[in-house]
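Inspection log for the structure reproduced underneath, given as structure tokens.
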Amino acid sequence: MSQSGLELLFQGQNLPRLLAGFGVTLRVAAVVLALGLSLGALLGALRTLPNRGLQVVLRGYLEIFRIVPTVVLLFVAYYLLPQLGGLNLSGEAVAVVTFTLWTAAEMSDIVRGALVAVPRHQVEAGAALGLTRAQQLRFILFPQAVPLALPGTINLATRVIKTTSLLLMISVMDLVNVGQTLVEANSHLHPTFAFWLYGALFIGYYLLCAPLSWWAKHIARQRKAVTND
Amino acid sequence: MSWSVIQASLPAFGAAFWLTLELAALGIAGALGIGAGVSLVQYFRVPGLHQVASVYVDVARNTPLLVQLFFIYYGLPGLGLKLSAPVSGVLGLIFLGGSYMAEAFTGGYNAIPKSQLESGAALGLSPRQLARFIVLPQGLTAAVPGLAANVIFLVKETSIFTVIAIPELTNTALDLIGLYYRSNESLLMLVVAYAIILVPLSWGLTQLERKVRHVTIGA
Amino acid sequence: MTEPLLIVNHLAKAYGQTPVLEDINFTVNKGEVVALLGRSGSGKSTLIRTLNGLEPFQGGTLTFAGQAIDPTPATWLALRRRIGMVFQSYDLFPNLTVLANLMLAPVQVAHQPKAQAETAARTLLTRFGLAEFADRYPSALSGGQKQRIAIARALLMKPALMLFDEVTASLDPEMVHGVLALMTDLARADMTMIVVTHEMGFARKVADRILFLDDGRITADMPAEAFFTAPPTESARNFLASMTDR
Amino acid sequence: GKSASTSTDTVAQIKKAGVIKIAVFGDLRPYGWIDQSGKRVGYDLTLARRIAKDLGVKAQFVQVNADGRVDALKAGKVDLVLANFTVTPERKQVVDFAEPYMKVSVGVVSKKTAPITKVSQLQGKAVIVTKGTTAEQYFTEKQKGVTLQKYDSKTQQFSALKSDRAAALADDNSYLYAWVKNNPTYTVGIKTLNGDGFFKQDYQQTLAPYFGQDIQAQDIIMGE
Amino acid sequence: MTEPLLIVNHLAKAYGQTPVLEDINFTVNKGEVVALLGRSGSGKSTLIRTLNGLEPFQGGTLTFAGQAIDPTPATWLALRRRIGMVFQSYDLFPNLTVLANLMLAPVQVAHQPKAQAETAARTLLTRFGLAEFADRYPSALSGGQKQRIAIARALLMKPALMLFDEVTASLDPEMVHGVLALMTDLARADMTMIVVTHEMGFARKVADRILFLDDGRITADMPAEAFFTAPPTESARNFLASMTDR
């Protein structure tokens, strides 16, 4: 009891262990973002095609992942799918797959919105020049849609990072889970340890997400200045 | 899948269902209130308060609800501040949701073309009258889709209350799994329970968006 | 007819470091129609917005109806009740019906009783041939109808001076006619007006005087007929040529 | 606490894989927790390492909470649970228990200044438990007058107790003893809660038919 | 000069259940300039877009350079290399520089070598007096500059027919002149053109023939001078009046 809860945080292996948990959080988030954003971009592009069946399927996919809370998705994937005869993956792999599907669903909506927001006459001007559909996408639609989709995508990225805090519920040793074991191992030494530790987690996530949010705001503001209302 | 298991756990799910609705409603109402207040403070750049509001939105939006709840429920008692689980949960939801709602409101106000404000000013309307007759009605209409998305999001976030032992839907489902090992039935009921809340809610909010647009701009 | 309503003296205005208006001097008399011409970017909108307090200015003085304008928010708020303005962008409030758009300023700013404001609004709508639209929302109107209602909205405040900034520029060519006809009627009814326009025929026919703005300075201030028959500068000549020679 | 595995023929598979995946607690001192240097230690862990050594394979640990233990096995996430897993009739239906390796039963810990020594004192009060433990099951079925606060992990439950969120906490008594040693202002006021024969009765109704005469209740149910 | 380039026969088009074009028949000969006039909503844009395959049609036939057009995507893809089009909205690609805008179709569609496409593009820019803008992005250009570059972009594909849909309608009046002058030059160089425009002076001076569209039908097809001196229908008379009487 001779030390404060804050000092305890820096004792022994506590800090390196927290950082290792932070590493797991980062790793999962990075893999999920790489896979989810690419898959979502593809699905978003598909959603602009005039094919009814495809629309219904992709819309249904989006709505399911929108309606079911992420925690529940995690549990279903972790516990139920293997029993129903599907794949059996580690907690981290399950998290990556689940979050990727969720991220892709959200991303598909952002991308669809951006593609639809590119003025129709831009694409028509390309068509009038004799560009094929693929060339219209490659030279006109995608380059113009990317800046439109960027702020929404960055905001989605911060949500993905924040959602990794749920990993502890399926046995992944992420930042929050490591934090909990630290609390259990140390809190009898100082009653305020939990306060400082959870405070540190708070700051950790903030440092990860806030710069991304600022960047998104900056881009959105720049666009507004360019388009001048 | 066993029907009798489902039947046996219906009462527990029923209670959890109403508790989830109640906590979500309180949290969303609070978040709307905080969000509206914060967005107005930011819109009018109220000296002093305006910077506080920006810091709040920044912090609340960029940290996970799970960590916010851990901090409130397990961390704060170390400093002598002890809040009950439901109070902590609703406070966390308001803290997080307030920032999301504020951004949605602000987005609505910013969507108003500058020419609208200038033509109002040219008629001799004071800044307060501009706010009342132009910014608020038009801005709120523009904000409705964003607000509606946040309502859905916050309902789903109540699932995280399980970590502070609030017997809402997710906590109850996990509990039944831990007690009777009927994961299939429990998770199925959980998904169904959320669908019962969210599908009609989402539909109703879409109708509301349409209605608001019709009432305010007649189209 | 030579009682001055607005006197602009050595007015100067810059956006940041870039000067946009330099040493602007002119007078508008009661009942006069002044057309403000000049090429794109010459500063016409900036000048007209400055006269209504929508843009702050850095030097010079404005005198309105014999009183020097001290450029504070409170002064402008009071003055805007006496200066009406209509913009290029259709600026009706989409959240209000046509009637509510018309009654907003009379009731909220001029504190007229609602019944009186409504009677006045409906009377003017009828005069403009727009009575049937009173209860519609702006989204259900054509561009030309919107602009005529925007003019009515400004007129209901009984302004001493009306400012128009290219009010026909966004209209389909067929709609232009009705709006210009309305403005011509106003001019004939002795409304004092400053009109920025690209419609040379209208300017020539309706304006008493032309102010020609060239790169932020007034380089011509003369009777309309004289300006069109003998443009005084090279730049004015080029401008007129580009506007008419098609 | 006991260990449990899904089936016997997995031993061959485990040997072939060269790795045994074992579910353990990460926050349950002294059975399975992570010490200050970040090493997994405790009674269960020592046993786990020993088992791995005997099988000639490497031990890989998966940290679980009480309510995830059965599903972790059922879903094949782990080969073995060494997470203070008490044999109960319900569990018996879904997993294969190995020989019990320790005797425990449910105990109740409370503040020394307001000790709880009889279950009757808890009527109308709040008691902390971890989801999916024997203690939770006992209170849920036998003590309906008690309000339960159900947490996911041991950390959460003990943190809640220390911030006075309930009158007492119920869990397997063996580690409550260890916990009060580190937290001397608390006492294990009720050492065993099975006096009324709850588990024994339950066993006889639901499990005895499966086991026959050779096996006695006390071989399966501990602490009665 | 009477070799037909485009023959439109009994063309019919509807949006859903609403007919927009009905029984359209006309011929455009090589080197001819045809002005397509009509009030807003009469179907001018729809017609011109149909000629380029941007809108599907429901009845009738099109014949281009002696070949019946079978309206499949592949046919249109090939045809668009021979039919250039410029729209009202500035349609330069904002994500590409001026030069890249000009080279896109020659390189990607006509598979010209890059160096050759660049030389051709720079030569045309110089001819149009726009050489200095080659490396700018469209956002740094005025509307008039953008439209002239859009015309250059279409011309670089060496089209046999050029379609113009109100290319000056969004321009500031001063910018209109330069664009119309460029189109006049093209007409004098014997480019075959169909031009939708609200600029009556230009139509009268430059067009060989007028097609007047009235509510989805062609109600006049005659030499330009005849159309303007003696509009053949009541509707055409009203239209001309609303376009000129200001």
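Order of writing sets the labels: A, B, C, D and E. Residues in every chain begin at 1.
Rule of thumb we're sticking to: contacts are C-beta pairs under 8 Å (C-beta built on N, C-alpha and C of every residue); 3 or more make two chains touch, one makes a residue touch a chain.
Given the structure is predicted, the values throughout are model-derived calculations rather than measurements.
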Query - Joint neighbours of chain E and chain D, given as chain labels - result: A
Query - Shortest chain-hopping distance from chain B out to chain E - result: 2
Requested in this report: Could you tell me which two chains share the largest number of C-beta contact pairs?
Outcome: A-B
Query raised in the report: So what angle, to the nearest 5 degrees, turns chain C so that its CA atoms land on those of chain E?
Result: 175
Requested in this report: Between chain A and chain E, tell me the centre distance in angstrom, where each centre is the average of that chain's C-alpha atoms.
Outcome: 47
Report task. Can you check how far apart chain C and chain E are, centre to centre, with Cα atoms defining each centre and the answer in Å? Result -> 36
Query raised in the report: What whole-number Å value describes the gap between the mean CA coordinates of chain A and chain C?
Result: 52
Query raised in the report: Which positions in chain C touch two or more other chains at once?
Result: none
Query raised in the report: Among the residues of chain D, which ones contact at least 2 other chains?
Result: 68, 71, 74, 152, 156, 159, 162
Report task. Give the residues of chain B that touch two or more other chains, as numbers and ranges in rising order. Result -> 74, 77-78, 113, 115, 162-163, 174, 177, 183
**Report entry** Touch relationships between chains, expressed as pairs
**Finding:** A-B, A-D, A-E, B-C, B-D, C-E
**Report entry** Interface residues, chain A side, partner chain B - complex
**Finding:** 5, 66-72, 75-76, 79-80, 83, 158, 162-163, 165-166, 169, 176, 179, 183, 191-199, 201-202, 205-206, 209-210, 213, 224, 229
Query raised in the report: Where on chain E is chain A touching in the complex?
Result: 52-54, 77-78, 80-81, 83-85, 87, 89, 91-96, 104-105, 108-110, 139, 150, 153-154, 157
**Report entry** Complex contact set, residues of chain D against chain B
**Finding:** 66-68, 70-71, 74, 90-91, 93-94, 128, 131-133, 136-137, 140, 149-152, 156, 159-160, 162-165
Requested in this report: Could you pull out which chain A residues touch chain D in their complex?
Outcome: 11-14, 16-17, 78-80, 82-83, 88, 90-91, 169-171, 173, 177, 180-188, 191, 194
Query raised in the report: Once bound in the complex, which stretches of chain C touch chain E?
Result: 39-40, 172-174, 176-177, 180, 198-199, 201-202, 239, 242-243, 245-246
